[in-house]
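Data block below; observations after.
Naming follows writing order (A, B, C and D), and every chain is counted from residue 1.
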Amino acid sequence: MPERRYVITFGCPDRTGIIARVASFLADAGGWIVEAAYHTDPDTNWFFTRQEVRADSLPFDADELRARFAEVAASLSAESNWQVEDTGVRRRAVILVSREGHCLYDLLGRVASGELDVDVRAVIGNHENLADITRAHGIPFHHVRFTEDKGAAFDQVRKLVAVHQPHAIVLARFMQILPPELCTEWAGRAINIHHSFLPSFVGARPYHQAHHRGVKLIGATCHYVTADLDAGPIIEQDVIRVDHGDSVHDLVRKGRDIEKIILARGLRWHLENRVLVHGNRTVVF
Amino acid sequence: MPERRYVITFGCPDRTGIIARVASFLADAGGWIVEAAYHTDPDTNWFFTRQEVRADSLPFDADELRARFAEVAASLSAESNWQVEDTGVRRRAVILVSREGHCLYDLLGRVASGELDVDVRAVIGNHENLADITRAHGIPFHHVRFTEDKGAAFDQVRKLVAVHQPHAIVLARFMQILPPELCTEWAGRAINIHHSFLPSFVGARPYHQAHHRGVKLIGATCHYVTADLDAGPIIEQDVIRVDHGDSVHDLVRKGRDIEKIILARGLRWHLENRVLVHGNRTVVF
Amino acid sequence: MPERRYVITFGCPDRTGIIARVASFLADAGGWIVEAAYHTDPDTNWFFTRQEVRADSLPFDADELRARFAEVAASLSAESNWQVEDTGVRRRAVILVSREGHCLYDLLGRVASGELDVDVRAVIGNHENLADITRAHGIPFHHVRFTEDKGAAFDQVRKLVAVHQPHAIVLARFMQILPPELCTEWAGRAINIHHSFLPSFVGARPYHQAHHRGVKLIGATCHYVTADLDAGPIIEQDVIRVDHGDSVHDLVRKGRDIEKIILARGLRWHLENRVLVHGNRTVVF
Amino acid sequence: MPERRYVITFGCPDRTGIIARVASFLADAGGWIVEAAYHTDPDTNWFFTRQEVRADSLPFDADELRARFAEVAASLSAESNWQVEDTGVRRRAVILVSREGHCLYDLLGRVASGELDVDVRAVIGNHENLADITRAHGIPFHHVRFTEDKGAAFDQVRKLVAVHQPHAIVLARFMQILPPELCTEWAGRAINIHHSFLPSFVGARPYHQAHHRGVKLIGATCHYVTADLDAGPIIEQDVIRVDHGDSVHDLVRKGRDIEKIILARGLRWHLENRVLVHGNRTVVF
């Protein structure tokens, strides 16, 4: 069982002495830093850090750490933003699916085998074909019918999600475009897998587009959902080689292997608070 | 639903006129070749071909095709070896597992979603933890206890497998070394996934070996099982990048993603008769 | 020294019997096929093949082979297109460069070490900084000044190229957009390296575009030049991983390694007649 | 032109407060940290850091920084080891070659185009074929004949190298096994490129070994030279896909592209003091 840790993420305009201030604060309290990462973006002069501290090395709990760190953050910059997460509090997720199951199968397998430590509270699908496998894993499945009135359907989804206050809403090939108000409500928590190497082939049927263009690699992109379709901050991408012998159907099949790996990887990083969003770009520590 | 095809694989010592002979035989019968691949190994002067023909383009059935092709093969070389498979006959597989489930979860998901068309007749495990997920997919699970007398256990496994006459026996992280007589009985049908980039790190605990050596990439190898441990003909391999920040535990986790993808890819090629073994090497068409 | 070969490439609407007809023609003449590849594009029902035959296995020369193969081709389809190349005739290339030298250095090194067998007849640059290294390799360098009147400059380039009747005109980071008439004159021979994973980031400053978008991989694309900017048939592509720590300057540096490898690979395939263009896509045998 | 920086690398047994101590020391002096990386190896409990500081942000020079940092280091641990490098002092390298030129061509091209900022003081070869290209780049070439008495030849090499006090001795496919005393004299400075994915295929003719084994990927490894053949600390590795159609000659050709990229990358990291050796493993910041 992994040891309990506090994860501090912090960002502010760069200046000298930030690392010293943060590190001294932790050292003075006896904090044992297990992992520390720093980055400054030269374009925007923004400083980022993420630190993992052994919980048992500090003489106080997460709430007290938050209270004390708030002072450190405020002393460094009025513009700073930060978070302190406690790995002892299990993360919650809700997964949205359509008919294609490969990403869902993959996530459920990772959770069942203990590889991905997250409490999947519910799976919501606009088809019913993935209900059985979801329930076989002991997870509730909700079927929401998407008819012409998508507003009502999304309202139902919104309510089903809201009750769990999830840290992550995973669009595991959900194939429905979120309305702007959901993008806002779920900002920084809704993670999508797009089946192309963005920014190539935005929108519908990217494998058909890729086949038509005759590319020699296809890809997948895990990104945060924003109101701008397939244009949110990219968390992770990867590609796989294809050739002239591959039909669209082959691209779809090969692409699935990339999609599920990349979605799972992006989700893991998100849940571990490794992804810091700045403008439309991400820092992944 | 994919159209029915006959898959011809053929090998013999190289000479001029082989392609003409095989192609003319098919053309004379009206055969529509959908896919054709050729290779000559210059070291051994061995010729290989694989051809996919639309079943409905031929005026006879698979048995008659076999009878006629036997004459073609004999006329080309007394040493030739060949097979004619009918994609209308569903392929059967038995999967052997131990405690680690990621490869099994992955294969079951592919079968359930229709991506991998194979009849998984049984899963055999030397632990029971994967019984429930197997049965949730409607597949029988057999628990075989491996005690000190491994001979008896393997005998039980042998019988459980034999009843299904499977085209593939998949060692999905089975972790037990097959006795020589099973290697012989299952020759050309037993497919293993080894969790290293062979020939590096043969044998036990390859991720520990990899971590100790400080490699910058780890890999996985899908190969046919032979009596020579981890030395059988390689079907497919891939690697993933690691760095100094990755513990052995991280290597294990990252490696799983490669293992399951590579095993599924190798199994697909095997089931589609794309893998021709020659000595200790493979031709993958 | 590699043995002399004839390389036949052939395309026509698919029907049964093509392979038999071509293979029988070669077999009847005693032709020893060293490499044979086939492909049918199901979307357009177009058949493609490429065959390498040992020159010394045929009782006639390349011209006679052409004359005889013309009949075979005509008998199969009035729409067929084909080529017979003789590897005994050395291929000629002209390279166009601007100021960035990494692709030129790489190509010159490959030629000098005998890895890439091509007669580089001239290098043409719109800057002079690469003149010395070119001449150190014993290759003429022509400086063509691109002022506001680009028409005159391109006319000069056209003449410098035309005198060599090159099999390949290599735009090795030439950075000038070819006028439509040159695209036409050099159709199927002009090869460009674009410093992005097309179709992402068409046009100017693709690394800046990539950095702005926050992608996690950057790429390069080797393609035939057409009048449609960066939209010609793709020969080869590859990518390399980047992260938040990489500045635009880092992307430029990392990208160079991909650019030069991919350009050299695409050029090799082109010179070996491995690339068959069909519409805006390529078959690479 | 890049701004001048001081690069601090530091290692010691892990304990709380190290980051705070180092960062506070720099902050108190007004040091502007441009890049900072930390790592603790849980197996050996060893702490590593690398920091880049803007030279103009400190009120003293590199020597004074060394004097002051020595106190910091000593206060943290008696076992600590550290270095302070000044990027304003140009790094020197000597390159050793045999007959194969691809790595040398690549390095010379990078240096000539300004991509790799290093002062190549000399190239030493046991053949003469690379003399001309070396001299065309304005670099002295020394031919050392390796006859049966290799001791005398190595002694000559040793002297030719020693006069330049190089930061890096680059074995760019040198193909001669260094005697133990040279391994000692050049420890931590001699960088080799081995043409396999180590630890596979140690020693001679690795591509022949790879072809014989039938692997599906070949690789290259950049590592520090130690007295234990091909077993020194690995700096960087990569692989490229091959298939049954590739002869040994093709493997050699494809492998070259990986070799030269990986050697150049490893050399860059070494020259930028990004590689910290600990036992037989490396931390690459």
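The working rule: a residue touches a chain if its C-beta (ideal position, glycine included) is under 8 Å from a C-beta of that chain, and two chains touch if they have at least 3 such contacts.
On a predicted model such as this, the values are computed, not experimentally measured, just so you know.
Chemist: What is the graph distance from chain B to chain D, where chains are linked when they touch?
Modeler: Minimum number of steps from chain B to chain D: 1.
Chemist: I'd like the Å distance between the centres of chain A and chain D, where a centre is the mean of that chain's Cα atoms.
Modeler: Centres of chain A and chain D (C-alpha means) sit 37 Å apart.
Chemist: How many angstrom between the C-alpha centroids of chain C and chain A?
Modeler: A distance of 41 Å separates the two centres.
Chemist: For chain C, what residues touch not just one other chain but two or more?
Modeler: In chain C, the residues touching two or more other chains are 35, 245.
Chemist: Touch graph across the chains, line, ring, star, complete or other?
Modeler: Graph shape here is complete: every pair of chains touches.
Chemist: Along chain D, where are the residues that touch chain A in the complex?
Modeler: Touching chain A from chain D are residues 16-17, 19-21, 23-24, 26-28, 30-38, 40, 57, 241.
Chemist: Residues of chain C touching chain D in their complex?
Modeler: 35, 100-102, 105-106, 108-110, 112-113, 115, 132-133, 136, 245, 253, 256-257, 261, 264
Chemist: Touching chain D in the complex: which residues of chain B?
Modeler: Its residues touching chain D are 39, 41-42, 197-201, 213-217, 219, 233-239, 243-245, 247, 280-284.
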